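In the two complexes below, chain A is the common chain; its partner is chain B in one and chain C in the other.
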Partner chain A sequence: MFNFWQIFEGIYTFFTGSLETALLRILLIGIGLLLIYLCHKQILDPLILLPMGMAMIAVNAGMLVAGVGGINSLFLEPLVSQPDKLMQILQIEFLQPIYTFMFSNGLIACLIFIGIGVITDVDYLVAKPLPSMMLAVAAELGTIIVLPIAMMWGFNIKQAAAIAMVGGADGPMVLYTSLMLAKDLFVPISVIAYIYLSLAYAGYPYLIKIMIPKKLRGIRMDPFAIPKVSRIEKLTFSVIALLVLSLLFPVAAPLFLSFFLGVAIKEMAITRFQDFIEGPLLYGCTFLLGLVLGALFSIDIIGNVAVIKLLVLGMLALLFSGIGGLLGGLLYYKISGGKVNPLVGIAGVSCVPTTAKVAQKEAFKVNKWVMLLPYAMGPNVAGVITTAIITGIYVTAIPLLK
Partner chain B sequence: MKPFRKKFWIAGILTAASGIILARVIPGLLTQPPLKFASYLLGVTLALAGLAILIFGMRRADSR
Partner chain C sequence: MAVDTPLKGALFALVVYLLTFVISIFVALIIYIMYRIIHRGKETAIRAKQSEPVKRTD
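Entry: the complex of A and B
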């Protein structure tokens, strides 16, 4: 018998499935609206979260009846792997080509990493490698602590390692690790990681206020005291680091190539490549990444009990990494005899350049003469390298433990 | 090349190369997983130490 509401399938599909499914769809639409509101208020960065929020609304509202009692959307189907069905879906689903040819093979992560390399300043890292690496290692606390916690919570070691990598606070590394170690959890881990990384800008200031006394937050560091590093040194560093790290961790070699190629392009001042990579490539990939992540945040991916555990573990991983970084910053402050602002520790959490900006913003709130950003970029970039090293270790060594 | 810089280049390359061999070649010749893992970790540490020596040598030579 014909049902009038079948004409409006988006509304009709609320009544064809279970009550929980309908409520979850409404919740996800609500979260999409909230993300857009927070972007409008500039509490969150709109670059990735605006397309993500819009896609979340569209994919959860625009559900169609598919097959017997099932619902589906025309955005993407991430779990399809049979070649003939995949070829069919590629011609129908709107974002499927982006997901299949750019997201699930890590290409978009590598392209974004090239962009990060081009916009990153490695001066402080090359000038003071030991303190930068010390802070970056301290800020990896989350990736180490959450591994056994996730295993205790029922995940196997490969899945636990993929989840723990959220603490590395590096989107491309999280994508890569979960692709290599836990393909079944790749989609929810990636979505959760990117949402949390976007929330780090809003969340870490509260952690800073709890852990670092106000007086220490305002310590001035002279930006002109950073030793000069020549272009040839930075170029040599990027080539040697690429060679050694690729030999050590071939599974992460595409990411190392992407990052250090970006650095080399910047240091050789190839302005045509710089302009293209900084502009159309980086922003284009960020835009597409936000769209795909939002489309992945649909009821058929998120309606899984494991997602709740992933939400908690992801938050723990980033929290511990922030705590580790700030403890490292306090240690550096003590070692330097009070000359170093401990806020540089949070920049060791390798969300480039978000956490370096958080350090600068929180210092500026206490003392408008503090210029922390040049110092914070050292541990920020070192954090990228240490996260890549831990990615390589997890992806290479964990299979050896079998 | 200045002798001072050369010393760090040689030390850095030798240390990094030893680390890479320990991390990438030796585990394939061992049979027990704990030994493989230990060789791998030690190799990674050595290789990164070699990288650090190279960067340090680059900076020391430049500051002279």
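Entry: the complex of A and C
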């Protein structure tokens, strides 16, 4: 019999499924609205989270009746594997081509990494590689500690490693690891990772205030004391680092190529490439990333996994990494005889350049004459390398374990 | 070896951390050597240029 509400399927589908499904849809729409509000208040980074919030609202409100009692949307289906069904969906669901040809093969992660390479300053890393790398290793604490915790919560080692990588604070690496090790958790892990990476800008200042005394936060570091690094030195660094890291970890070679290609383009001052990569390419990919992640956050995709556990584990991973980075910063402060501002440690959490900016911002609040950013970029970039190293080890070693 | 318990997972994670530490030192060493070689080459070139006799032009 004809039901009037069937004309408005978005509303009708609220009553066709279970009560939990309907409530979860409302919750997801509410989260989408909250993300937009927090972006408007500049608490969260709007570059990813604004398109993500908008897409979350649209995908969870715009549900259709599909099959017997099932509901679906016209955005994308990430879990489809049969070629004929995929071909059909590619012609119907509008974000499916972007997901299939850019997401699931990691292309979007590589393109974003080229962009990050182009905007990254590697001076301090090249001039002082050892302290930069050691701070970055300290800030990988979350990627290590969360693995056994996740196993304790019932995840297998592949899934545990994929969720622990959130602690590396590198979106593309998280996408890559979950694609390689835990494809079933790819969607919730990647969504959670990007939400938390955006929250890092708002959350880490509180951790800094708890762990670092105000007096130490205001320590001045002379930006002109960094040894001068020429373009040729930085170019040579990018080529040698690409060669060595690709030899060591072939699984992460596409990401290494992308990042160091970006660095090389910057140091060779190829302005036409630079303008294209740091403008249309980087922002275009960031926009599509947010849009697709929002569309992935629909009830039919994430409604069947232990999302709450992943939310807690993701938060723990970033928390431990932040603690590790700040402890590393405090140790560096002691070793240097009080000359180094311990806030550089938080930049070891490699969310380029967000955590370096957090270090600068928190130091500036205490002392208006502190210029920490050139120093913080060293561990920040080193963090990309250490996260890539751990990604390489996890992706290579874990499948070999029986 | 099957890593199927949290304890084995913790041991595996610890080994990964130590390995990351060692590889990071190795990478830092390579960057340092590369930087020193190029930097020294440049300094030598500058010194050589400074020690060249000045040609009289008058």
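We take it that the second predicted complex is superposed on the first by the 401 of 402 C-alpha atoms of A that agree within 3 Å, B and C clash if a C-alpha of one lies under 4 Å from a C-alpha of the other, contacts with A are read in each partner's own complex, and residues count from 1 in each chain.
The definition used in the following text is that a residue touches a chain if its C-beta (ideal position, glycine included) is under 8 Å from a C-beta of that chain, and two chains touch if they have at least 3 such contacts.
Note that the coordinates shown come from a computational prediction; the quantities given were computed from them, not determined experimentally.
S.K.: Could you look at A:Leu247 and tell me whether it touches chain B, chain C, both or neither (first, second, both, neither)?
M.R.: A:Leu247 contacts chain B only, not chain C.
S.K.: Could you look at A:Ala160 and tell me whether it touches chain B, chain C, both or neither (first, second, both, neither)?
M.R.: second
S.K.: When the two structures are overlaid on chain A, which partner does A:Met152 contact: first (chain B), second (chain C), both, or neither?
M.R.: second
S.K.: Looking at A:Met134 after the superposition, I want to know if it touches chain B, chain C, both of them or none. Which is it: first, second, both, neither?
M.R.: second
S.K.: Of the two partner chains, chain B (first) and chain C (second), which one does A:Val126 touch, if any: first, second, both, or neither?
M.R.: both
S.K.: Have a look at where A:Leu74 lands relative to chain B and chain C in the superposition and call it first, second, both or neither.
M.R.: A:Leu74 contacts neither chain B nor chain C.
S.K.: Thinking of the overlay built on chain A, is A:Thr396 touched by chain B (first), by chain C (second), by both, or by neither?
M.R.: First partner only, chain B.
S.K.: With the two structures laid over each other on chain A, which partner does A:Glu233 touch: chain B (first), chain C (second), both, or neither?
M.R.: Once the two structures are laid over each other on A, A:Glu233 reaches both partners.
S.K.: On the superposed three-chain arrangement, identify whether chain B or chain C touches more chain A residues.
M.R.: Looking at chain A, the partner in contact with more of its residues is C.
S.K.: Across the two complexes, find the residues of chain A that touch chain B and also touch chain C.
M.R.: Common to the two interfaces on chain A: residues 126-127, 129-130, 133, 230, 233, 236-237, 240-241, 244-245, 248, 389, 393, 397, 401-402.
S.K.: In the complex formed with chain A, which residues of chain C make contact?
M.R.: Going by the criterion above, the answer is residues 1-7, 9-10, 12-14, 16-17, 19-21, 23-25, 27-32, 34-35, 38-39, 42.
S.K.: Touching residues of chain B toward chain A in the complex: what are they?
M.R.: It is residues 16, 19-20, 23-24, 27, 33, 36-37, 40-41, 43-44, 47-48, 50-52, 54-56, 58-59, 62-63 of chain B that touch chain A.
S.K.: Along chain A, where are the residues that touch chain B in the complex?
M.R.: 126-127, 129-130, 133, 227, 230, 233, 236-237, 240-241, 244-245, 247-248, 389, 393, 396-397, 400-402
S.K.: Where on chain A does chain C make contact in their complex?
M.R.: Touching chain C from chain A are residues 125-127, 129-130, 132-134, 136-137, 140, 144-145, 147-149, 151-152, 156-157, 160, 164, 229-230, 232-233, 236-237, 240-241, 244-245, 248, 382, 385-386, 389-390, 393-394, 397-398, 401-402.
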